[in-house]
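Both complexes shown next keep subunit A, but they swap its partner, so subunit B is in the first and subunit C is in the second.
Take a look at the complex of A and B:
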């Protein structure tokens, strides 16, 4: 044990603990709890039944109260461990509660009502995962529809982003023409025009094009990203021009050069842009919220926010759907995180 | 970045997907050869640039320019042709105040409430964000076991969608939530945090820091790792105390990155919307109503929508952002670190 501890806490150079080491470990462990804790709590809660979700204090793990069907009563009754007035203990089913007195019956002898003070009884509970939280939204909320809309928007937008931006990057890195600097500056200038500044006129343009309440209205305004052009161009600049000249000698068309030579060589940068694009489009919220007003067109993010804003929030469904919405991004985090972190450290893009 | 030869496609699945793509791209080739003969090499450059420019033109530049026209018109009509020209009335309405410190004395009191809230939010959030991400970066830059794991820990929330972030915290801060549960252990009564004006504001600041600090930590960490180690060794040999080494070596050499990060955080903070909208909906009352939400609600959501007023407000916000972005680009150029947004 102590060797493991020594291994984990080993530090170069100094011997013994300096106060900065203590601060470091408090910060890291605190960070671990604060960063992952909320998400873990969300996942844990998503398996609780509505009754368990309404409880305070909440339990860490999902529990449900056991029920029993008793002869003479229509609905299953909750089971309790009760201490009877004579001091003996028994498992009883609650028929009704009046004030602090609970009227109970023995499931074996349903005829006779036993009155027990509510402080003398505790529910019989077992751990159970409420998987219906996950299965029911698929029939209740058009959840499949939202999922499909989100997948469609994400995949289509990412594919178009890759093609359109790589074409522009190719033109800006491998051709000499008048206005090249101007085009590059124009693209970079669009960095200064975020959605929140142009949403009113953009909405009118998208409507005029007939794309209001249309998933293409969500996709098209997002596909030309300045950062996409920027990282692809930086990468293509490192591809030697001799390759392209040689291909031209062999009578390759410009399209073939772009498609057969430059694109394959740009694969690493394309991968980075693809990952970013998937995360951006999957997470988009404000613009889909504006463009999509028909329920069957909602993306997951819009659907979730609308349902969570209702008066009677059905938290057991919302939590489960939130977990499902998190899954693709968590997969990206687990498997592709290094692409993203190197991408950010290299270019400062998000 | 260096170009490297791609690995040959490994899986049969990947190959299968590529077959129709290859076919399509091959089919496109013949007509494009014709285009190339007509346009010449320079023309092909324009051809490759065209789709991107078209989309930028229609969905970014055009809205940018007609936004000014919108801000000069009145009424509730959507399309510009149907709107009446009102000159600078919308701006006059936004600025119609008898006392600028007190939003209630203004015609558009919600606008000034949003401006005030946003200003407070920016001051608090930017300060705390820089503080937390700088401390985290400094700690991650130490000799650590499993540094990439710890870096990932702080980076995790960055990828989550704003809606998910908002819902996670709404669930934690509600009456039966985890926070009340934790405090209950210390004998506190449960409290509905998001129904309290001040706590809701604090939650908005805290949640947005939680969601984004990993991103800035990463940029700062890259900056820290670029500082040559021998500087510290030399300082140690001269008997320099660590605190002094921090002020005299680390901070000055990190300054270019730090400035870029500060401006980036500022730009984002001014536009704060998504996660707070899901978390509090701007409430209770108007205590967490920020500028973007004001523009969104004025332009789209309220019963009496007023696109002209929303456009005027968005132009005012845009001017702040343009100034900040120009500063950022200037800084980026001088430090050779590119900072940009999606």
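Take a look at the complex of A and C:
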């Protein structure tokens, strides 16, 4: 333990602080706050009640003001620590507020109204987790339906992506034909065309194929990715051609060479692409929103957006469900970190 | 079984011609070695025979049948690659079985053939390991085993020993020779190592720049090289070449003046030699003796390599370099003037174009 501490708190300046130590600490701590802060805030806020969410200034952790039922009042009243005009302190319940004056009662003596300046009182708060944010969507909304749709889209699209892209990569890396480089460049060039440009023609195609309002309409347009072809092709180029010659001498058909020799050897690159594909498809919002208009077909990301209505945004549900949708992606990252970093290092993409 | 005939085979990659009209007949059961410097087209020739490259022109026949358009898998040949090309994700057993499974052979027969090959090559203990867990020598055996289980009409071996260390190379070479004797199958072997070529081959094919320079048994090539290139390529250290001009021709002997003015007599042995023509005399380093006397030339020592059993001398004969391998140990040092006797040495004669006279 002490060795870990010694390691973490090592400094360049032996006895004092070198300026690089200070910069490093500021940089790393700042980075931690910037990267991790929003996530912590999101998780904290997902447990807040609607009232606590609207509070200013906002807090990281979910607090609620304690309430007390006082005789003579129908609703429970908020409790405050108040400093009385004579300087003594007491826990009082607020009846109403008029301007800067708060009318309060002692819960023990409900008859007597005490007037306290609002700057002289602070709410009595305790931490409370509004778990209904999580349970409500599961029972009252089609959350499970959306979850299933998302899982179906993600898994199917990823499997098809792997097969289609690896086939293209195999042809582009292991066969000599005229225009091979041109074909590769053309595929890479499509990286520069954003979705918003091809959205309308893509919609026409999907609609003409009768895939509108169909999960396959979400899956099929996304399965051929230039990034995937690129990652896999670069990896397959490193597989020695002699192996393929050997397989040819071994009477293997071209399909067998692809399926039994090249594909197993491309496993590390396939893992990288699978991770990317899962994250892309899981987080997809715009395209599913366009293709799917029937509620029972919504994926999670689209489903989440229905909590923000025209007049009323149910932030507490949105935040809670956002946390739930993040879980699979976070798990993927935690367990497959090694593949992701090699993938990013190998391609410069993320 | 295993008779391969090449007729005027040409291979070009785009504008680059790699093979220029190769004519070669390989008999059943023969061990033929292709040698040549790197880039001479020997591997391309082997790959063309295998069917991995398509010849640009000419015919290739196996057992009398033209196979130009037969795919590699259906030619009945097996190949051992320089890198072994074992499938890294399969166990040794799966590596051996892969080619047989593709021919839809019954499982029982596959198992039997693998067992037989494994016994022959002594790789039984490693059958369930992956290639990555094997040493270089073991991988080499598996690569050969993969060829053996196919029972091919001919084996094609592309520099199979080049990735082994020197000691293992020696023992594996002997095993290969034994294997050939046992299987009595046709083997075509590509190498740039002339010791492998000399020890293994029934016949050697010397290639240079896509052309066959000479075909012959190892000793034919050593004793009667067809041209200067073969003479220089076969034999280690390489043959010495002394440039000169013919001064006089007698019935039995001729006399040449070497560049630098020394005179040397050499037997004519039926060759037609004209007085005044330019000539190259080839002498193997092992055939030159130290000592003056009849038919000797003076030389200056530049470097002495004492190997214990023999001494290699790098010397200079009036500006022409000469190598001498003298048996035993000699107390000589660089800068010393010595005399070299060629009186007993077989002398190879080459004309201006490098052809044997």
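Note that in this section the second predicted complex is superposed on the first by the 254 of 350 C-alpha atoms of A that agree within 3 Å, B and C clash if a C-alpha of one lies under 4 Å from a C-alpha of the other, contacts with A are read in each partner's own complex, and residues count from 1 in each chain.
Criterion: contacts are C-beta pairs under 8 Å (C-beta built on N, C-alpha and C of every residue); 3 or more make two chains touch, one makes a residue touch a chain.
Just so you know, these numbers come straight off a predicted model, no measurement behind them.
Engineer: Report clash or fit for the pair subunit B and subunit C bound to subunit A in the combined superposed model.
Structural biologist: fit
Engineer: Of the partners subunit B and subunit C, which touch A:245 in the superposed model: first, second, both, neither?
Structural biologist: second
Engineer: Mind telling me which of the two, subunit B or subunit C, contacts the most residues of subunit A?
Structural biologist: The partner that reaches more residues of subunit A in the superposed model: B.
Engineer: According to the stated criteria, A:305 is in contact with first (subunit B), second (subunit C), both, or neither; which is it?
Structural biologist: Touch partner of A:305: subunit B, not subunit C.
Engineer: Tell me the contact category for A:265 with respect to subunit B and subunit C: first, second, both or neither.
Structural biologist: A:265 sits against subunit B and subunit C alike.
Engineer: Would you sort A:256 into first (subunit B), second (subunit C), both or neither based on which partner it touches?
Structural biologist: It touches subunit B and subunit C both.
Engineer: With the two complexes superposed on chain A, say which partner A:164 touches: subunit B (first), subunit C (second), both, or neither.
Structural biologist: Touch partner of A:164: subunit B, not subunit C.
Engineer: State whether A:84 touches subunit B only (first), subunit C only (second), both chains, or neither.
Structural biologist: Neither subunit B nor subunit C is touched by A:84.
Engineer: Determine the nearest approach in Å between the Cα atoms of subunit B and those of subunit C after overlaying the two structures.
Structural biologist: 5
Engineer: Can you give me the overlap between the subunit B contact set and the subunit C contact set on subunit A?
Structural biologist: Common interface on subunit A, subunit B vs subunit C: 253, 256, 264-265.
Engineer: Where on subunit C does subunit A make contact in their complex?
Structural biologist: 47, 50, 52, 71-74, 77-79, 81-83, 85-89, 98-99, 102-103, 146, 150
Engineer: Show which residues of subunit A lie in contact with subunit B when the two form their complex.
Structural biologist: 7-13, 20, 23-24, 27-28, 31-32, 34-39, 41-42, 45, 53-58, 163-165, 167-168, 170-172, 175, 177, 180, 183, 186-188, 190-194, 196-209, 220-221, 223-227, 229-230, 234-235, 238-239, 253-256, 258-259, 264-269, 276, 279-280, 282-283, 285-286, 290, 301, 304-305, 308-309, 315, 318-319, 322, 325-326, 329-330, 332-333, 337-338, 340-341, 344-350
Engineer: In their complex, what parts of subunit B are in touch with subunit A?
Structural biologist: Checking each residue of subunit B against subunit A gives 1-6, 25, 28-29, 32-33, 36, 41-42, 44-49, 51-53, 55-56, 58-64, 66-67, 69-70, 78-80, 135-136, 139, 142-145, 148, 150-164, 166-172, 175-178, 180-181, 184, 190, 210, 214-215, 218-219, 221-222, 242, 260, 264, 271, 273-274, 277-278, 281, 291-292, 295-296, 299-300, 307, 310-311, 314-315, 317-318, 321-322, 325-326, 329, 332, 337-342.
Engineer: How about subunit A: which of its residues touch subunit C in the complex?
Structural biologist: For subunit A paired with subunit C, touching residues are 240, 242-243, 245-253, 256, 260-261, 264-265.
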